[in-house]
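Dropping the structures in below, format is structure tokens.
What follows is a pair of complexes built around chain A, which joins chain B in one and chain C in the other.
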Partner chain A sequence: MSIHIEGVNKRFGDFVAVDNVNLAIKTGELTALLGPSGSGKTTLLRIIAGLEHADSGVVRFNSEDITGQHVSERGVGFVFQHYALFKHMTVFENVAYGLTVKPKKLRPSKAEIAKKVHKLLELVQLDWTADRYPSQLSGGQRQRIALARALAVEPKVLLLDEPFGALDAKVRAELRRWLRRLHDEIHVTSVFVTHDQEEALEVADRIVVMNKGRIEQDGTPEQVYDNPANPFVYEFLGNVNLFHARVKASGETKFTSASDDSAQQGDEQDGLAYVRAHEIEVLTSAEPDALPVTLDLITMVGPTARLEVLNQQDGKLVHIELPKEQFKALNLKSGDAAWIKPKYSQVFLGEGI
Partner chain B sequence: MESVMSSIRIKPVIPGFGLTMGFSVLYLSLLLIIPVAGLILFTLQMSWEDFWRAVSHPQVVASYKLSFLASFIGASINAVFGTLVAWVLVRYSFPGKRIIDGLVDLPFALPTAVAGIALVTLYASTGWVGQYFEPFGIRIAYSQIGVVIALTYIGLPFVVRTVQPVLADFEKELEEASAALGASRLTTIRRVIFPAILPALLTGYALAFARAVGEYGSVIFISGNLPYRTEITPLLIVAKAEQYDYHGAAAIGVVMLGAAFILLLLINGLQWWASRRG
Partner chain C sequence: MTTSNTLPLISAAAVQDTPRATAEPRWVKWTLVGIALTFLTLFLILPLAVVLYGAFEAGMQVWWQAVTEPDALAAIRLTLFVLLIVVPLNAVFGVAIAWAIAKFEFRGKTILISIIDMPFAISPVVVGLIFVILLGSQGWFGPFLAEHDVRIIFAVPGIVIVILFGTLPFVARELIPLMQQQGKEEEEASLTLGASGWKTFWYVTLPNIKWGLIYGVVLCNARAMGEFGAVAIVSGRIRGETNTMPLHIEVLYNEYMFTAAFAVSSLLTGLALVTIVLKSWIEWKDERKQTSSTAR
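Our next item is the complex of A and B:
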């Protein structure tokens, strides 16, 4: 089932949550709506589900206009950040709920429901919890039950609102790999909301980056990561440093400092260069085009060395990440002078200057 | 001895178990346990025959029936409409909401005699409301219906005030999850919301019931106190005490006490059963 969002707007009072969004999601795709809080991603997801209604615009499943349909008629599976399991029902009753509330004519027999519930519980690897209550399960288990419950009604689309947001780091990493494999098995059109870029990059077939109610970029994880459409996407996807730069028409880039107010020469243009923390080379001796810096803070995070260095020209902080081994080989300590050279950068001309 | 020592060594953040527990026991003793024990001891001075004669007199039995039945009906009405009021106060915002919210507590604050007189004025056959029922042969004041109305009035705040916070804390996501799974609005209320508020509702029900069984002030005005018909048990106790039949009054009191205790125990059991799974 493909999802088509056409010119959707939603306001809460003066706050514009979704601002004229157009988006088409293909059948069987796993799409991430990625953005900071307040970017409208959850509102958009809830509009797709029918839990919110758009002020204007149209939502279609395939070609059918479902804008005015009540959530209970849309046939969506919705997974909430805080699981929203029914506390007074066992795991079995929770998963069976969607089947038992069907009108009598469409309701499967008790035996069929039991068979289906057990099959789903096996799918989420929690068959042994059938008779327990949600309060007896861990967060990760609860979320898998919530997913099984959503899948029980064979939804046309599966919508997940920050599904791993309430879980600790290890469980989160496990669950998202598991979700990816699950999606490869069942291929239901899925949309999940996240503010975690790593999660989006790892799990999704396609990432829609949102900001202030608008779509900033829409593409595969690789496209979005390697070719950010604008500075917002660049900054949102990973730890990034800003350098002032001058770009010649030939594409040659020279990094300068903010205090460098020497006149532009000929075909040069000022711009801002975005360089990711791990795309900076650290040198112990001067080289052409390398910027002199002073090492300030060094932290070892597992296999990675994180450095904060001060640009000697303008005193600005630059974040660098490099493998610990590599850093050890440089034999540098806090307070030492060094030189840095961006290996890869993207320059947005005229941005913020 | 050793276990006592070790329990002393674990210092809680807020100390003072001994002091607070001691005070609680003293307080409960003076206000609750000693009077109740005194009542029972006083009754024990009677012979069994005297006791039985006092508590099984047909007039007294009729009053038990009325007291417990009217309290039951009143509490049941409150369970339904109190929940509705709580729902409206939690879910919707409308002008005057705060005033209505405050009004709910009025039966707590208004002297019951005042309420009784007000109800009589309203429901008497010439009253604002009563006059419309009179042509149909329905008498509200000075009938058992009047007793039910008075007992409903004084029990209203209990259900509203116990259900309201539970409804306010109810996660909206649970309703949304239910709706997304295809449940109709009514099914969501029946299968998701109702089980969540049931323990609180039973608590409110028990409180409203207990309060109604013991109510005196507002009922005596509206009931008319006709023997065998509209006499409530507390009224009979007062009547006996006024005739210096203290033993008879105490005997009926003990029966009321026992019955109320058993009913509250039952309702508490039900409540435990309802909340066990949460």
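Our next item is the complex of A and C:
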């Protein structure tokens, strides 16, 4: 089931949550809506589900216009950040709920329901919890039950609102890999909302980056990471440094400082160069095009060395990440002078200058 | 079974360790316990004992006569009749109001919340007077009601109305914070799973607010039985017709029939105790049901 969003708008009072969004999601795809809080990603997901009504615009499943359809008739599976399991029901009853509330004519027999529920519980590897109450399960287990419950009604699309947001880091990493495998198994069109870029990059077939109610970029994880469409996407996907730069028509880039007022020469243009923290080389001696810096703060995070260095040209902080071994080999300590050289950068002309 | 076995061990160890570190000195604990017990004895247990002593002082037979005397029976019947109307109505109102406030955003919500408390703020006597002015024979709607031969003031409907008014906040007050805290995610989950609004209410909302609702109903029930001031104004105190139990007790008291007054009082107290015991029993039963399914 493909999802088509056409010209959807939603305001809450003066706040524009979703600003004229157009988006098409292909059948069987696992799409991430990625953005900071307040970017409208959850609102958009809730509009798709029917839990929120768009002020204007159309939502279609395949070619069918479902904008006016009630949430209970849309056939969506929705997974909430805080699980929203029914506290007073056992796990079995929770998963069976969508089937037991069906009108009599459409309701499967008790035996069929039981069979299906156990099959789903096996799918999420929690068959042994059938008679427990949600309060007796861990967060990760609850979220898997919530997923089984959503899948029980055989939804046309599966919508997940920050599904791993309330879990601790290890469980989150485990569960998202598990979700990826599960999706490869069942292939239901899925959309999940997240503010965690790593999660989106790891799990999704496709990432839609949102900001201030608009879509900033829409593409595969590789496209979005390697070729960010604009500075926002660049900054949102990973730790990034900004350098002033001058770009010649030939494409040659020169890093300058903000205080560099020397006149632009003929074909040069000012811009901001975006360089990721791990795409900077650290040198112990001067080289052409290398920028002189002073080491300020050194933090070892597991296998990675994180450096904060002061750009001597404009006094700004530059964040650098490199493997610990590599840093040790440089034999540098806090306060030492060094030179840095961006290995890869992307320049956005005229941005914020 | 494993969890229920290991958990107490852990908590027992924890309980033994924590007091030394965080507990107040002993005398603080015993002073506080002493104050609480003295207060409870003076203001709860002693009066209760006095009521029971007064009621049975002259013996079982006198007590029985006092509560089966026709006027007393009429008062008991009227009180129960009013309860049967008021409590279910207020339960429904309370749920509806709490639902509206907790789950929807609309203008005038804060005003609505303050209005709900009004019956608590206004003296019951004033409440009685308000309804006399509105519905009495000299009141605003008096002529209209007389024309259609409807009697409200100095009749049972008047009693029902003022008690309904006076006990309106109990269920709503109990449920509003509960429903606000629970949010609407479970209801939303139910809707996405294809349940209609009614089924969602029945299977998801109601079980979640069950205890709050029962508690509100118990309080509402207790207050409805004991409501005096407003009822005294609108009932007209017609013996055997519009006297509820509290009014009947006052009549007996004014006529120096202390034993009879205490006898009916003991009945009223007994009804209150029954409601509280009933509530505890339901709670206990539900807890047992949950734990027994846990220990598998």
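Convention: the second predicted complex is superposed on the first by the 353 of 353 C-alpha atoms of A that agree within 3 Å, B and C clash if a C-alpha of one lies under 4 Å from a C-alpha of the other, contacts with A are read in each partner's own complex, and residues count from 1 in each chain.
The definition used in the following text is that a residue touches a chain if its C-beta (ideal position, glycine included) is under 8 Å from a C-beta of that chain, and two chains touch if they have at least 3 such contacts.
None of these values were measured; they are calculated from a predicted model.
The superposed arrangement places chain B and chain C in clashing positions on chain A.
Applying the stated contact rule after C-alpha superposition, one finds that A:49 touches each of chain B and chain C.
Once the two complexes are overlaid on the shared chain, A:98 sits against chain B and chain C alike. In the superposed pair of complexes, A:285 makes contact with neither chain B nor chain C. Contacts of A:86 after superposition: both chain B and chain C are touched. Of the two partner chains placed by superposition, chain B and chain C are both touched by A:78. By the touch criterion defined above, A:133 reaches both chain B and chain C.
Of the residues of chain A, those at positions 49-51, 70-78, 80, 82, 84-88, 97-98, 101-102, 133, 146, 149-150, 152-153 touch chain B in one of the two structures and chain C in the other.
Of all the residues in chain A, the ones that touch chain C in their complex are 49-51, 70-78, 80, 82, 84-88, 90, 97-98, 101-102, 131-133, 136, 146, 149-150, 152-153. Residue ranges on chain B touching chain A, taken from their complex, read 171, 173-174, 176-184, 187, 191-192, 195-196, 277-278. Interface residues of chain C facing chain A in the complex, by the touch rule stated above, are 3, 185-186, 188-196, 199, 203-204, 207-208, 210, 290, 293-294, 296.
On the side of chain A, the complex with chain B involves touching residues 49-51, 70-78, 80, 82, 84-89, 97-98, 101-102, 133, 135, 146, 149-150, 152-153.
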